[in-house]
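One chain, chain A, appears in both complexes that follow, with chain B as partner in the first and chain C in the second.
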Partner chain A sequence: MRYAILLLGAPYSHQASHSALRFAHALLARGHSLDAVFFYHDGVQNAARLAAPPQDERHVVDEWIALHAEHGTSLEVCIAAALRRGLLDEREAARHGKSGHSIDAPFELTGLGQLIDLGQRCDRLITFAP
Partner chain B sequence: MLLHVLNRSPATSRVYQQALTMMGEEDRLLLVEDGVQGALPQMVRHFGEVQGRLFALEEDLASRGLLGRCDASVQVVDVDGFVLLTEQAERTMSWY
Partner chain C sequence: MTSHFSSDLLVILRHGPHGSSLLRDGLDAALVAAAFGQRVSLLFMGEGVMALVDDQQPDPLGQKGTSATIEMLSMYDIEAILVEQTALELFGLTPDELMLPVRLLTGATLSTLPTSHRLVLTF
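Let's look at the complex of A and B:
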């Protein structure tokens, strides 16, 4: 089956990111595919390029990137939720006159239309919230 | 049949009441994160109307030191079982 995940919780604040990652690996191990993870509300914090947790702790941002690298899962970030939380890619940073950017590939800034599309395209859409 | 996923304890949130109100006769309820507290014998009465269709996530029970403390009416599943429940359900609804 084709799965998608909607993640609404920020890492290091709530369990949602951990629950979503655990579920993602379990569904892949069962032979399903994970088309995309859509990061919305405070969930956009999962895409923070500059996250630097202590080395003996899980690096949630890098775990999403690894999921993309190993399984081709696209990492889609709601642009409206991201911009108001200071999460901008290079293009948006330039457009808003900011000196640095805080989101990088493989995370992609995208719109809510993508979430609707995922809901229609995938067999299952599972929400992990704070 | 829908799968409802609840991550709040009945001790701290009433959202479980909304979940129960929305549940169809065949629907299942999975308790995750702090929601697993609802599987304890002293709390399970809140879920009496879905007896036999109530599940709790093993990993979240274990991380809270609650493994082996669930009421006998609750079916404990691991994350693999969570995926299986989503396979069997037409759709999944999360309550939080």
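Let's look at the complex of A and C:
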């Protein structure tokens, strides 16, 4: 089956990110595919390039990047939710006159239309919320 | 009975309108889906029913609030505004205290609602 995940929770604040990662690996291990993870609401914090958790804790941001590298899952971040929370890629940072950027590839800033499209395209869209 | 409410997308709103932005983000997703031509149903559950209370004044909270968006729903052809009746009663509300006409759902009609929608998003 083709899956997509909608993630609404920030890492280190809520269980949602951890559960979403576990679910992602479980479905891939069973031979399904994961087209995309869509980060919305506080879930956009999962894309923070500058996240620096203590060494004895999981690096959730890096785990998403690894998921993309190993399985080609696209990592789509709602642009409106991200900009509000100070999460900007290089292009948006330049557009808004900011001196640094906080989102990098493979995370991509995109619109909510992409979430609706995923819902139509995939067999299952699973929400992980705080 | 449930086929009566069938549409492409069901958005479930179960958080209050001002304690977090989850309800607002859910409404935004519903509007985008409607703008993309999807038939959308909204289900207000639990604290989510508070978003429907008429004459809200979100300004003192420093928030935009959700009532302006809810007033726009019909412009987006979102006509299926469904409400968990038990939640409404729990908050001591009656349908005539709400800002727009709604359909009250209970029991089996409520629990089978997700099965009549291809996609369900829960906020």
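Definition applied: the second predicted complex is superposed on the first by the 130 of 130 C-alpha atoms of A that agree within 3 Å, B and C clash if a C-alpha of one lies under 4 Å from a C-alpha of the other, contacts with A are read in each partner's own complex, and residues count from 1 in each chain.
We take it that a contact is a pair of C-beta atoms (placed from the backbone, for glycine too) under 8 Å apart; a residue touches a chain by one contact, two chains touch by 3 or more.
Owing to the predicted nature of the structure, the values given are computational and were not obtained by experimental measurement.
Contacts of A:Ala81 after superposition: chain C is touched, whereas chain B is not reached. In the superposed pair of complexes, A:Ala94 makes contact with neither chain B nor chain C.
Applying the stated contact rule after C-alpha superposition, one finds that A:Met1 touches chain B and leaves chain C untouched. In the overlay built on the shared chain, the residue A:Ala105 is in contact with neither chain B nor chain C. Legend: residue contacts after superposition of the two complexes on their common chain; A:Ala129 is shown touching both chain B and chain C.
By the touch criterion defined above, A:His41 reaches chain C but does not reach chain B.
When the two complexes are overlaid on their common chain A, residue A:Arg30 makes contact with chain B while staying clear of chain C. After overlaying the two complexes on the shared chain, residue contacts for A:Ile116 are found with chain C alone; chain B is out of touch.
Residue contacts after overlaying the shared chain place A:Arg22 against chain B, while chain C stays out of touching range. Touching of chain A by both chain B and chain C, each in its own complex, is seen for residues 125, 127, 129-130. Residue ranges on chain C touching chain A, taken from their complex, read 9, 21-22, 25, 28-29, 32-33, 36, 38, 118-119, 121-123.
Residue ranges on chain A touching chain B, taken from their complex, read 1, 3, 15, 19, 22-23, 26-27, 29-30, 32, 124-130. Listed in rising order, the residues of chain B touching chain A in the complex are 5, 7, 32-33, 59-60, 79-80, 82-84, 86-87, 91-94, 96. Those residues of chain A that touch chain C in the shared complex are 6, 8, 40-41, 80-81, 111-113, 115-117, 119-120, 125, 127, 129-130.
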